[in-house]
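Take this structure, written in structure tokens, and hold onto it; I'll ask about it next.
The letters A, B, C and D name the chains in turn, as written, and every chain counts its residues from 1.
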Amino acid sequence: MKKLLALVLVAIMALSLTVSASAAAVDKKTVVIATAQEPTVFFCQDQNYSSNQAKDSPVLFQIYECLLWMDEQGVCQPWLATGYEMSEDGLEYVFTLRDDVYFHNGEKMTAQDVAFTYKLCMEKNLTLTRNLLINLADVEVLDDTHVKFILSEPFAGFPAETSARVGFIINEKYYNEVGSEGYNNAPVGTGPYTFVSRVTGQEITLKAFDNYWGGKAAIETVIIRPISNIATQFISLRTGDLDVINSADVASCQQLTARDPVTWISVPSAMRVHITFNMRPGLNSPLEDENLRKAIVSAINKDDIIEGVLKGEGAPLDMSCMPAYTGAPEAGTYTPSLEYNVEKAKEYLAASNYDGRELRIICQAGTNYDKAAQIIQGQLLAVGIKAAVVATDSGTFTASSTAGDFEMGINGTSSSLFDWSSCNTEYRIQAVYGPAYPGEYAQILDDLCAQANVATDPAERKAITAQIITIVNENAFNAPLYNSTSTSAFNNELEGITLNPNNAWRVYNWSWK
Amino acid sequence: MRKGREKKMSNTASKKISTSNRKGQMKQVWFRFRKNKLAMIGLVVITILILACLSASLYIPYEKVYTQSIRDAFIPPFSEGHIFGTDQFGRDLFARIMYGGRISLFAGLVTIGIAFVMGIILGGSAGFFGGKTDTIIMRFCDILMSVPGILLSMTIVAALGQGLGKMLIAMSVSLIPRQARTVRAAVLTLRGQEFVEAARCYGTRNSTIIFRHIIPNVMGPLIIGVMSGIGGQILQIASLGFLGIGIAPPTPEWGTIISENQSNILFYPYLGLVPGLFIMVAVLSLNFIGDGLRDALDPKQKN
Amino acid sequence: MENLLEIKDLNVIYKTDEAIVHALNGFTLSVKKGETLGLVGETGAGKTTMCLSTLRLLPDQVGEVVSGSIKYRNIDILKASKKEMLKLRGAEISMIFQDPMSGLNPVMRVGDQIKEVLNLHFPDMSPKDKDARVDEVLTLVGITPERKDQFPHQFSGGMKQRVVIAMALVAEPKLLLADEPTTALDVTIQAQILALMRELKEKFDSAMVLVTHDLGIVAEFCESVAVAYAGEIVESGTIEQVFARDKNHPYTKGLFNCIPDLTSTAPRLTPIPGYMANPRDLPKGCKFANRCAHCTEKCMAAVPEMQEVAPGHFIKCNLFEKGASGQ
Amino acid sequence: MIKYTLRRILLMIPVIIGITFLVHFILMISPGDPAQMIVGPEATLEDIEMKRHELGLDQPQVVQYLKYMWNALHGDFGTSWFQSFNVMTEFSHRLPYTLRLGFLAIIWAVALGIPLGVISAVRHNTIVDYALTVLSLILVSAPAFWIGMMYQVFFSLNLRWLPASGASTWRHYILPALSLGGGVFATNCRTTRTWLLDTLRSDFVRTARAKGNKEVTVVFKHALRNSLLPIITQIGVNFSIIMGGSVITETVYAFPGIGSYLINAVKAKDVPIVMASILVVAVIVGITNLVVDLMYAVVDPRVQLGGK
């Protein structure tokens, strides 16, 4: 009897295996997008729901909209606002809004909603306000279609702030009904897609918003699925279970063959990767020795790192800032960081008092920085500098970088504003652990950064930033590496897929061939 | 005449029998073990593997494990200079697997060693002394066994941070209760037997009873447990490596090699196949040996 | 009275990893209908192997019948089909094993184990009759029927052996092979069990082969006796002929010397010197040669012929050759 | 029976308290300050302090533990530190997936493992036996994630039979269940073979044959029935192996169970999630062990419950 049962079961298993499933027929109405981490937070105005740019933007940019939209080149284009004027003293900006915009719950968007959004953020999300709403003092409603932003000090990069995730316009009436948690669980925005449901760990479903002001979206349903395993992502893409992979792994993209129904694009992102040296006074870290730093910088072959980590898709940087950032110094107005030169590196090393001990390179395990650290370890070994890669989880990485128990740290910093302001934070005297640069340079850099923030005339701002970069590069205070890319792999039946430097994309522009 | 001959013959026979018996007993086990073809294959393969890994520094210079040349990344196996090809940073896969083997096998042995020793101490004392000590130790083992081993070691590694030493502790923690349980069960059955009562009668101290009488008899099931245990440990290190909390890169270890190249395995299957095969072959031969030993040491199994 | 069971010149070997063991070497034996035959011999003489071969239950891949024949009534056991054997076992021939402790299935109720025999061999019997039959046979062996729903571990050794006997006899077999049924029991229980078996034998008029190494039991319960040594029968005949002790095979004589005799004044029993022949490499001639006081060249050379010293009394020893003096 | 079950459940409570305290202790003594991690690098000292207070991290470890367990008793597993949603709602979504996958894996592993174990025991030392031995040892020796990947590449990429990830239709369950149940199938097969071989040699099996039973009845009704005890223990142990294995299989197949959820939480040291998962897993494993013990009495009359 038991043997009979076993045979029957084997037959069923075999039968179910042979059920041939042709690649899921391309359903013209839906697009399935895979992301490495599951988007879980959809309300940026409240500190408790501290949304993270990379993780949550796939959903945020479909259901919400800002006053301005940052295009591929990092230039802000009109979105919910048709335009803006800046006062002479640079302290006031008046935005004119569209008047045909409706929220998902049917309410009409007015200037009152815009003012409420920013005021709520300044009140409830201090961290994001400090980083993304620099110098913003107050917001005034002039009339239904005009709103005035008042700054405490002039800040050239302000317009870009309205395109960041802080600037997603929320509906005041709905917020007063449901509060932060309610808004997060069932968000209401003005975007082309409405939030339908989130099945934890499995998929998030968005539906096209019928009376979207720009006309109903071409693709009816958007499904976002979290798949952390890179191999699984690409298998599902090639079998047709997936249509798009958000921030796809470059190495795998390059292996895709013509036979696969898949293509991929890669756009320079706002992310710049560099090595920070630990020179904090009082920790007598070996990197206080300038020659050792110079030896390290000139021992690093950026092209090899880009080839190893991004398969050649990134661009080397000779300063710890992106040339395309607003306010970044023009080429030639600053001294670039030291070139890759093994002999020079050995000379600097000989001149330094390096005692041969192992320098710790900390980075986050399993990321591209982990790969870069391993390549750099090899390159430093070739010159005679011994280094050990300490790859840890994100928590320990933050803890050790704050506590200062590291010699070198590799990390990438991005800028949602695509503006010099994000580079500023590196050279300011940190609130948490005080000055990061030796001697009087800490104060000089701090002052220069303060000036850069307030300078309204772009040319004047570029001159200040050029000065900062020259000081940093001449003293080799850090080792700029490369500008990373944001990539996306997708079914070649899809068209209209574009990425902006912050890897934000809008399904609204996509359509099936 | 006959009586005399008979007595002499009987006591020489008995002496001959006893000595040959102990040697015979080991020879008997080896004889039955040798008969099991699979177990022999396992023994041969694992010895070759261990020797190859340990002597790796003789035929592969240590730097080859770390030297990178980004240009020749992903060279297919059996190309000149690289028997198993190269990984994503152009490092020679053969060197990494040979040196990696040291850590995988070494870690497997060490964790089993710790668990073996702790198992004997905890299990032995729990089984032998009984009463309060028994309940305390056993309840402690219940607690450790109430959650699957890998969850426990995963939490410990993630909490204490990565590092070979910490990982060895984390992995042996989930193994100690199992070994302690086996030892305790064996000790309980033996404690009741006459030869232990007899030993106690002529005043042997408890510790000698445990170590000279009970432990040798417990060796059988323990050794079987150890053999298959090592296999399990190698798998666990590899799994922790796959989950990203194993041995920190760039140190080579079989499991981490697979998880490092996880995204490339799709297009360069050899990066997943070769280390996977090494893990499987090592664990397979250990299981064969464990199987063979179980049949050899447990006479009842004779067909 | 024709023979119920005829075993002629049976050779059986066990193929173990180390070597080949010759369990039966030219084993000849016959049992008449309703006869109680005692089969005597040391351990390893092949008694159990004989029983297993008769039921064709030798362990597969290990036990093998090399030559010889076993005939039960008109069925040739060695050539019978599987189906025929299934009908035979338990109904025509049934067996009682030595160790009552492990003879019963520990997880099945005692009643069910007995009823299983009925289910197998009397499918058309109604369940009610079957239960009645089980109760009847249980009372017969001295167990109250209420206990039939209990499990083996709730019975003592003696009681378990009674259950095994009930199981063997419930289908009223024609031939009962009892392999040392009372060895594992103490003497008082032994007598009850044997008395019970004799009573049941008469009741069902079944033949019985009682395998034992206790000559006392044979003398008291059996009609005829066969003495086995190293896989063959060295002497067989009626109780009176063999126990008269005037003509016996040297081995039988040695066995008799081992029994304490109330009348004799000898201070010590005289054991048979030496050891049983090693079944792995048996001597060419008479297997008892190395222990026999009257051993001659002839004995060593070839296996002696079976001699009929009296009608029905056979002895396989050269001493009793026609014209030989017999000691 | 009921008295015994109640006693066992009461016995489970100290075990669960023990394991949760152990895990909480380990997580708390680990380096790195959770509050700092949550608030992120740009935060100021007051932000960190405010967060520490909010999460109650400034209280001693034991007090935090007791508070956590007290809330857990009332069904409030707290909110996840990094993803700020209620752990309980997350678990109620994810747990069914893990249990379904676990049961599916165990069912096919048992349904195939035991019969094949019987076959390899009955046909002892033949090619069938060797083949099954080698197959089951390979399944036990190969790392689960490696096998999972191989299935993915072979079944979904090359043959396009089955989807490689997700859990929306029943076909999504096949590959994860196959790779999760592989090791368990092998151990079932091995245990059944070893114990059945043992029972086939015992006397009552010979008695069963002597009664005239057909070989099939002898093997299944008598021999197998008697070796059910160790086989059931093995199934009980299997369940905790499956819970462990689900962490890996769910990561490979992006399966939305508590396994993949737990590994991310452990890496990010999201204490509420890790504590909740350990608690849930400990309860499940505890219950399965209890069920296995209760089945002992059903299977083997010699086992008296309470005499444990």
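By definition in this document, a contact is a pair of C-beta atoms (placed from the backbone, for glycine too) under 8 Å apart; a residue touches a chain by one contact, two chains touch by 3 or more.
No experiment lies behind these values; they were computed from the predicted model shown.
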Next item on the list: Starting from the Cα centroid of subunit B, hunt down the chain whose centroid lies farthest away.
Entry: C
Margin query: Just to be sure I understand: the centre of a chain is the mean of its C-alpha atoms, right? Then which chain's centre is nearest the mean of all of them?
Written below: D
Check: With respect to inter-chain C-beta contacts, which pair, A-B or B-D, contains the greater number?
Finding: B-D
Margin query: Can you compute the centre-to-centre distance for subunit A and subunit B, using the mean CA position of each chain? Integer Å is fine.
Written below: 47
Next item on the list: Report, in whole Å, the distance between the mean C-alpha point of subunit B and the mean C-alpha point of subunit D.
Entry: 23
Notebook entry, point to check: Whole-Å distance, subunit B centre to subunit C centre, using C-alpha means?
Noted result: 51
Item checked: Inter-chain centre distance, subunit A versus subunit C - centres from mean C-alpha coordinates, in Å -> 91
Note to self: Two or more other chains touching the same residue: where does that happen in subunit C?
What the structure shows: 61
Check: subunit D: which residues touch two or more other chains?
Finding: 31, 124-125, 149, 153, 157, 251, 267, 269
Check: If you look at subunit A, which of its residues touch at least two other chains?
Finding: 229, 231, 235, 393, 396
Check: For the complex, which residues does subunit B have touching subunit D?
Finding: 38, 139-140, 142-151, 154-156, 158-161, 231, 235, 238-239, 242-245, 255, 258-259, 262, 265-266, 269, 272, 276, 279-281, 283-284, 286-288, 291, 294, 300-301, 303
Item checked: List of subunit A residues in touch with subunit D within their complex -> 1-3, 5-6, 9-10, 13, 16-23, 40-41, 48-50, 126-127, 130-131, 184, 199-203, 225-229, 231-233, 235-236, 238-239, 241, 393-396, 398-399, 401-402, 425, 431-432
Note to self: Under the definition above, what is the set of subunit D residues touching subunit B in their complex?
What the structure shows: 14-16, 18-19, 22-23, 26-27, 29-31, 124-125, 130, 133-134, 137-138, 140-146, 149-150, 153, 157, 194, 197-198, 240-241, 243-245, 247-248, 251, 262-263, 266-267, 269, 274, 277-278, 281-282, 285-286
Next item on the list: Name, in rising order, each residue of subunit B that touches subunit A in their complex.
Entry: 66-68, 70-71, 73, 88-90, 158, 161-162, 244-245, 248-250, 262-268
Item checked: Touch list for subunit A against partner subunit B, complex -> 229-231, 234-235, 249, 251-252, 255, 304, 307-308, 365-366, 370-371, 374-375, 377-378, 381, 389-393, 396
